[in-house]
C-alpha cells in the first residue's frame, strides 16, 4: 500500500482523490489546498483523510510515500522538485512544468534519487486511444498519412496559459503515444482576440521525416464543443469523435488505391468505399488506470505509457509552437 | 436576350447549360467539348443547341455575345483572352486563371475593351452566405473574432492542382465577400501523402490588421465529408454546416462578456449562454442567381457580388499560401 | 424491345419516363396527361415521344405493348382494367387500386389474359432493403422479434387518401418482402386533426402467429422528417435510417442473452454489447431495377419481388387498419 | 427542518440521499436496505446517518417526520400505508402502487390523517418539460394536435413489471402535467418476445374529447436509445429530444395554414416553414426541485406539480392499457 498525499483540491483534485481511493494500491493520507473551504465536503465524506497540513508539512511528512500535484501550472515545478528532494515519488498533472528546462531539472532530480516522476496525461489510458494504438501497431490502418484534430469549445479560459497549453497538449500526448517517430519541426498560427488575454484560437502542425502529417486546431471561443480526430492510413481511415456517447471510433474501409495501369503504362488512382465499423469500447474510467499504472511503476513492475522524456518533449513542442505563433507561422526546428 | 456559347461540358458544364437555359435573359446558342460523346445526350434533349463548332469557331462566331468557360483550369486564360479579344463578355469558372499575372492581363484586356469579365464563385450567391453577410453587416454578431472552416472529403483529387486550389478557394471567396478588410499575410502548411501527387491536406491562415483571424482546413483524403464554418463575434457566434439539409446556419447567443469589476478594480470575464436560432433559408439554386447577376452586369444595371479584382486577389492569396506551404508555414506578405 | 406508353405526368411520371428511357429493354412511345402544359418540357427534351394521344387512344394503340399508370389513385382501377382488356401489360403505381375487391378483379383479368400486372412498390428494390432481406434470410439477425418503423414528415397531405395509404404502405411493402409469414390481425389508431380532412397521424400494428411484431408510426404533421426502422432479432439488431446519406443501415451486435444458470437452477438474462457495422451500400437508382424487373417478368425470365397477390394483400391490410382506426384500435382479423 | 428516513438504497436510493442531503429543508436521519452491504459506502461518506434500523423500526421512529420509499414496486403500498398509519408524510417513487385500488386506499389514508402523500414523478420538474408547459399555457404552440413519444433502449428489463410500467409511465406523467383534459379511452398493443417474460415492446394511444391525440412508443429491446417527443399545435411544432446534451427542445415555426380561398369559395391548405429556435435551458438537477417541492407541500406553502389523484390516474391508464394490449388493441374506456 502506497501512502499518498494530494496537493490541490480545485477542478481536478477531487477526481484524483476518488481514483486513488478506489485503487487498492493507494491509501490517501492527506489532501491540502490553500482554500480550506473547498476541503469541507471532503472532510465530511472522508473523516479519516487529514486536511489540516500545509503543503510543506505534507511534502516533508515521513509517513507519505508519494505526492500527487493538481495545483496551478506555475507551481508544478516548485512543488515537484521539493517533493523529489524529500524522497517522494511524484505524480504531477500535465503539463509537467511551464518550461522544458524545468522539466529537465525534474527528470534529473528524479533519476538522481531513483524516484518515479509520473505526469498525468490521461488520454493514452482511454479505451479509445488504446484501440487506435492497436489499429496502428497491427498495421490495420496501414502507413499513416495524417492525424488531424479539432478540439474546440467555449472556455475554460486559463488566464495563466494559452489555448495550446490547455487543449493542444491533449493531442500532443496522443501523438506521442501513437507514433514512434518524432516531429522535426512545428509551425503554429493563432490569435488573442480578447484584449490583454492569451491566445484563444490556434492551430499547430508537426512535420516528420516520414509521410506523417499532424495538424491540431484548438479554440476557446467556439459556440459548439467539438472533439474530432481524423486519422488516415493507406489501408483504412478512422474518425475518433470523443463527444459521441457510444460509437467514439469509426473505422472506414475507404481510401485511394494506387496501381499500375499496364495498358497505358501509367500509375492510376481510384477511390474505394466499403463498410464502416464502430468497435465496442468498454466504459471504464481511464484515471483509475492512470493511478494503477503509477503504482506499478513505483513497484517496478511496469513502465508508464508516456515516459517522463516524452512528457518533456510535449513541453518542447508547445514552446516551439508558441514561438512559431509569435512569428506568424515560421517553422521552428525540434531537433 | 444575350446569346451565350459554353466551352466545356464535363463536370460543371451541364449545370451551366441548365441554368443559362432556365434564365430568361440568356439563349444558349452553342456548347462545345473536345469529347464529342459527352454532348450526345445534350443534343437529344436540346436539338436546337449547336454542338458542332470548335472552340475557335464558337469564340469567333459573330452571333454570340458572351462565352462561358468550364474547361480545365490550365486553359482558362487562353480561352478567356481569346474571347475578350473577339469582343465577347466572359463568364469563367473559378479560379479565374492559374496565376495572378494572367488574372491581371485578363482584367486589363476586359477593361480596355469595356467587356464584362465575370468569375463564377458560387458561394456568395447561396442563401446561407447571404444570411451570414446580413448578420455581419447589421452588427448582429458584433466585431468578428474569427472565421474557421473545415472543408474535407474523400476526393476529388485534381491532379493539375492541389487541395487548396480546389477546396480552400471556396472559403477564400466567402471571406472576400463577407469582410471589408484585406489580409496582410498568409501562412500555410500541408502535405502530399501520395507519391508524385499534389498536396492533399493543408491548412492556411490569414492575418489581418484588425482583430479578425481566418483559418481554413482542407483535405482530399478524409473518410467523412465535413463542410463546417465557425464564425464568432463579440456579440454572437454561428456555425454554418453546409451538410445539414435544413438547419445550415445556427446562431448561438453565446460568448464571453468582458466587464469592469469595480469592487476589485479589475476587468473580469464571464461566459454567457442563451438561445440557439436556425433561421429559415429558402432553397433556391444559387447558380441561377449567378447567371442572372452576370446578365445584369452585362446590361450595366448591377455589380457582381465579387469584382474581378477580388477574384484576382483570391489567386494571389492561393499563390502566397502555396509558397508558404513550401517553406513550412513561413508567412508570406500580401501587401 | 417493349413499347411502353405512360399515363400521368405529374409528380412521379417524369421518374418513370426517365427510367424507362434509361432501360435498354423499353422504348417510350407516348406519354399523356390531362394537363397538356406539363408535357411541354418533355416534348422539348424528347421530340420523338408522342404526347398528343388521349388516354383511350394510347390504351388502344396497337403499337404499344405495355402501359404504365402514374395517375391519381382513384383512376388506377379503370385505367388498368381497360389496358388489360386491350391486351397490354400493366405497370401501375402503388397502391394497385383503392379497394381490395378491385385488386382481385385486376388480378383475375390479368390471369385470364395471361398478361403481366406489376405494381410499383419501389422499396424492395433499394440496396438497403435488399441488404436487410439478406441479413434475415441468412439468419444473421436470428429469429426476428419486431419491425418498428417511424415515417413522419410535414406534408404531403393527400386529400383523397389518408396518411396510412400514403406512408404506411411503404412499410407494409417492406414487411411483405422481408417476412414469409402473414399477419393474422391488425390494430390501428389515429386522428384527423384538421377539420374535414383525412387522418394525418396514425400507427398500426400487425400480429402474427409467431414471435414477430410489427409497429408502424406515420404522421403528415411532423416538424421533422424521420425515416427510421428498428429491427431486432435474437442474434443482432439493426437500425435502417433512410435519411442518412451514407450509413443507412447499422447492424448492432447487441441483444439479450438467455441462459440456464445451473447454480441456481433458473433461467437468467444478460445484455450483450458489441461492435456496430454499417455495410457499404451501392448508390443505385432502385426505380431502374423496378422497370428492368418488369421487363424480365414480361419476358418470362424472372418473378417480381412482390407478386400481385402480395400487392393486393397490402391493400387488404390498409382496409382493415382503416376500419380498426374507426373503432379506436379494435383489432381486425386478416384471415 | 424535516427529519426524513429513506427506505431502499438500490438504483434510485443514492440519488434520494444526495438530494435530500443537499436540501436545506431536510435532515436525512436514517437509510435502510435489506442488503446491508450496499449501505457500507454510505456509512463511510456519511457517518452520522443511521443505517442500522429495520424498515419497521424506521417507520415507527418518533424522531422521523417523513419517509421516502425507493424499494421494489410491489412493496410500495405496504410500506406507504404503514408509514401513513404511523403519522409520517410519504414520498414514494413512481408508480405510487401496483394497482389503482391500492392508490385509492393510500390517498384515503393520507387524507384521513391529513398527511402528505407525494409521488416522485421527476419529469414535470425538469427545465425541458417546464419550458413546454410554458409554451402550451401561453398558447405559443396554439391548439395542440398531438403528443407523440418514442422512448426506447436496451434494458432495463424489469421482471416484475412490463415496459409500459417502466417507460410509458414517464410520458403519462408529462401528459398529465401538460394538458388539462383527461383521456376518455386508451388503446394498447405490444408483445412479449422473450419466452415467459413481460411485454418488452408496446405502444399506447390516448383518445380525448377534443382535438388532442397521444401516442407513446416504448421498447426494452432497441439497439439505440431514443427519447424523442414530437408535439404539434396549429401555430408551432416542437421536438423534445432528451438525449441531446444542450439543444433538448427545438421549436419549429412550421405548420399547415388553413384559409378560405374566396376566389374559388373553398378552404385551402398551405405549408409554412420558418425559423427554428432552441431555447436556453438551465442545467439543474430536477430531483432537488422535487424534494424541495415535497418540503413546501408538507409546510403547506405549495402544491405538488402532480397531485396524488393525478398520480393515481396514471396507474388507471396503465391498467387499462395493459388490458387493451391483452385484447389486441381493443380500446378501454377511462371514464
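We just call them A, B, C and D in the order they show up, numbering each chain from 1.
We adopt the following convention: a residue touches a chain if its C-beta (ideal position, glycine included) is under 8 Å from a C-beta of that chain, and two chains touch if they have at least 3 such contacts.
No experiment lies behind these values; they were computed from the predicted model shown.
Farthest chain from chain A (centres taken as the mean of C-alpha atoms): C. Looking at which of B-C and A-B shares more C-beta pairs in contact, the answer is the pair A-B. If you average the Cα atoms of chain A and of chain C, the two centres end up 53 Å apart.
Spacing of chain B relative to chain C, judged by their CA centroids, is 42 angstrom.
Centres computed as Cα averages put chain A at a distance of 39 Å from chain B. With touch defined as above, residues shared between interfaces to two or more other chains in chain C number as follows: 273. Partner chain D is touched in their complex by these residues of chain B: 246-247, 253, 273-280. Interface of chain A with chain B (complex): residues 145-146, 148, 150, 152, 154-155, 157, 185, 187-191, 193-197, 201, 203, 205, 207, 211, 213, 215, 217, 219, 221-224, 230, 232, 237-239, 250, 252, 254-256, 258, 267, 269, 271, 273, 324, 327-331.
Those residues of chain B lying in contact with chain C across their complex are 44-47.
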